[in-house]
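Presented sequentially are two complexes of chain A, the first with chain B as partner and the second with chain C.
Showing the complex of A and B:
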């Protein structure tokens, strides 16, 4: 048994990785882009002012309340998300009572300074990319969550078996041998895995944790029953978010929100209030919960509960239980919302390394077997899926950004068509490798990827006034950074394309000898 | 402080790498004596620990540990690429960081 342990782990690593590799690549790629969701949102709405106007938190709350009283006076709950460093708008969500006619819920984004609804182009933005990485866009919610869960579990298996199979983690820590075929791909796969191993483990395990009450639903059902309402109670108790009072039915005016927010800022720090939850507005039992705190990996937000009529502070959230702190820390680490610019880039780098690790692993599978099984149907299928995903999906991602600039502003379902552009492009690029010899398909798609990304800043310059010529001199780095990242990605794909383009016969032979 | 931690992490990994024969030959065209290897390994580990302290000073304990993991990955990748593409110039990236190393953030 002992002798067979490593080979059997190796087998598991290979096949667990291969079966879910393409979905994992999708999850890692879109999730990594999602670390810059707010920045991408902003890039995808070039109508936004170069310098966003700010307002104080009490002013924003009062502006939001005025809008909500006009538009959602009968709602049973308002949620107001204040603007922040990476959130330029005040976001409003409301839920109407189940008995009311019309829509069950609504949402609106306001300009912080004026309190007026924003009127920028409709876009999926970075939020769509971030959401895609666990919702898989077109799939029904339940199917998507199970598929993502299975793939994540396979990823975890891949990491653990990978560590077992890798015989010389420390000796090969800095080893990358180029131009040696299979050896090079193995080195690359190992390096990308080992050098960001803490991130890979954290992101995979915490990814499973997000939906733990979904994957392990019976644990919740055992105590809270099978009804959907029981689940609601469970979450309210877990996160202490219910207010515990029902509507009285008697009308009473809501107290001004400004002083409550000011009181919260006094305790949490100016600018620390993140959202306001108003239940039963306009009722004698109205409650206002104000949540906020300095960003922290353990998501240790404070929550103050006010009486909505008198404006009196009723209670303050107490210390959290240890299991809840662990749970929320895992989610907090995964999201990285506490990260400042440097750490955000490091998150992005680690995510990119994970994406590249998966790509290198998938390519390694084909490189290893080309000589032995290069003409079998299975091999051909893997190779085509590799080309159409590892090169095709990045191109599709670029297509998403092209669509944002080229689809006319104001047409119906504009934001949805941005998303469709991504998947239509990917579909075409998945078919393309089946019609071409593999080496050619690689070359064509890599060059296409290089062009698609490198030309994005040019498309941006032709269609908007938020291009590098303006953003660089103005020092608007979150916008310029996106364009520069497109350029860099384009150059990287061009380098990859050059690497797979055959050299002329005379140049190749002498180049390889001295290295041997 | 973050730049300083990157500098320390890169230096620490460089120490660990040079203590290996393969990388010493790549970067210095020679191998180090056993004693020197041990010394490089020790000071490398020390630098990596110092990088943790710099990260915690910069960002607090909780965020600092996360930052350290990120800094280690970034430094290790940078060194890996230098050893692979231009091993004799492996000491260049830290020189670029030195101007920022003593800023407070």
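Showing the complex of A and C:
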């Protein structure tokens, strides 16, 4: 049955892609924005100083410790994340003993220079967008993970079958027939797929690896048993975390953190310490783990373990096993935390190409079937979901940024309402295409997307002192870059809207019209 | 073949691909984690690293073979075979 192989793979490619296409578009769009999470965080808190104040790592650690002793002196564990190139704050997290009254855990962000809590507006920031791309916001965690896993698996099948179906990978690379209807959408889908194929494969397989111990839990159970503790033993063995000591119950003052951080910087390099993990602070069995290292695709962080009372260095992390290096490299490549500005833009563009590839594939499905199935319910459903997602979701994303500037500062649940603004907008835009002829719905939503993005820098200028008139002369590129990206996105949507707007009395060649 | 039986055959393929492919990926990963001469945690991680390649391959195979029945029988036999192998290779239970 050799002759039927390619058609069956083509069938699988089409339908596996269609049923998960809209969720994948959401995952790729929010995940791609997430490559600039820190920059978006900063844009969404315009109260931040133009030039962030820095402090040395030992100073930050001491400042964090002063705050934690006041606010979380009885906690069983402190986690201190020091500031970095793209992280302006010192972030503190603590967990209280299970027996204690009150909250189980707490967190606070400090200014590095003063050690005081930050008082910027509450926002979901870029972190919420990044988190959405695997957590899907409203769904329960387990449901979200399985749904994302299923969609990612379909993406993997889509990539492999896509490669099988296309006989002429390299010719596709150089083929782009513009303004030829179905052929143009096919060329766009192929070109975007082939151009960033290594990225698509890497991001999809590594995406599955983040939650592999969740998806492939039976493999862990087969070696470590069914009890919940088995998972903990597995991770302890894998990451050689060693067995933690228990609290002795006898009080002893915690040694100063500054010298331990200085010792770590001596080994890892100044500025390379990323976080400090203190267990049992104020107990004779206190332990301080200092982790850091230059950012690297294989996430090769070093970890030093200190006695928390004497301040003596107890142990140093050893070399990692080969499987662990492979695993961590997949995660490191997916996150791209090691990337400098140029590589970060490349990540962003690759993600944007993946997003556009999914969009072109979904549009191709409708363009191919319009002539013979254009009046069926199924076709209409796909077309409306396409309009409401491919144009509607970007508008909803813009609404998230509009909400950040327009929701009054200080109201309850402010950050949550930014997120609700995104999903309320998306819901309205998913309904809208069902009430309009398709061509008109495309036009209206594309123009709305153009306006929603292009006006964002203006809204920013009217509501804050962090607009292009200030950030450009000052050369604050991470802030100016966000506004400029909004403008560019707005112009791109305007071009798309123009392309689907009929030109009366124009002698130009017919343009591609995804909806006609 | 009528449209109805064709639809049922496709539904069977989809179910075998998603559920059977997953079961086969687990069985192969467990077998790998038992036979690799590595530390226990490293062997388990290696099995997991490979599992989704097996899963994707199984899904492709289910849709490439001639009939849905053949796909069902083939995946079931593969699951049985790797489960049996894993059973035979399972290390003595240690506390």
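Note that in this section the second predicted complex is superposed on the first by the 493 of 516 C-alpha atoms of A that agree within 3 Å, B and C clash if a C-alpha of one lies under 4 Å from a C-alpha of the other, contacts with A are read in each partner's own complex, and residues count from 1 in each chain.
The rule is simple: contacts are C-beta pairs under 8 Å (C-beta built on N, C-alpha and C of every residue); 3 or more make two chains touch, one makes a residue touch a chain.
These figures come from a predicted structure and were not determined experimentally.
Q: Superposed on chain A, are chain B and chain C clashing or fitting side by side?
A: Here the two partners, once superposed via chain A, fit next to each other without clashing.
Q: Using C-alpha centres only, what angle sits at chain A with arms pointing to chain B and chain C? Round to the nearest 10 degrees.
A: Roughly 90 degrees separate the directions to chain B and chain C.
Q: Touching A:47, do we find chain B (first), chain C (second), both, or neither?
A: In the superposed model, A:47 contacts neither chain B nor chain C.
Q: Touching A:413 in the superposition: chain B (first), chain C (second), both, neither?
A: neither
Q: Identify the partner contact of A:343: answer first if only chain B is touched, second if only chain C is, both if each is, neither if none is.
A: A:343 sits against chain B, while chain C stays out of touch.
Q: Who does A:234 touch here: chain B (first), chain C (second), both, or neither?
A: second
Q: Comparing chain C with chain B, which touches more residues belonging to chain A?
A: Comparing chain B with chain C, the partner touching more chain A residues is C.
Q: What's the minimum Cα gap, in whole angstrom, linking chain B and chain C in the superposed view?
A: When the complexes share the chain A frame, the smallest chain B-chain C C-alpha distance is 20 Å.
Q: In their complex, what parts of chain C are in touch with chain A?
A: Checking each residue of chain C against chain A gives 18, 25-26, 29-30, 33-34, 38-49, 51-52, 55-56, 59-60, 63-66, 86, 90.
Q: Over in the complex, which chain A residues touch chain C? Could you list them?
A: It comes out as residues 1, 4-5, 8-9, 11-12, 150, 153, 156-157, 160-161, 205, 208-209, 212-213, 216, 218-220, 222-224, 234, 237-238, 321-324, 326-327, 330.
Q: Residues of chain A touching chain B in their complex?
A: Residues in contact with chain B: 171, 173-178, 191, 195-196, 198-199, 202, 296-298, 333, 338-340, 342-343, 346-347, 349-350, 353.
Q: Would you mind writing out the residues of chain B in touch with chain A in their complex?
A: Touch list, chain B to chain A: 2, 13, 16-17, 20, 22-23, 59, 62-63, 66-67, 69-74, 76-77, 79-81, 83-84.
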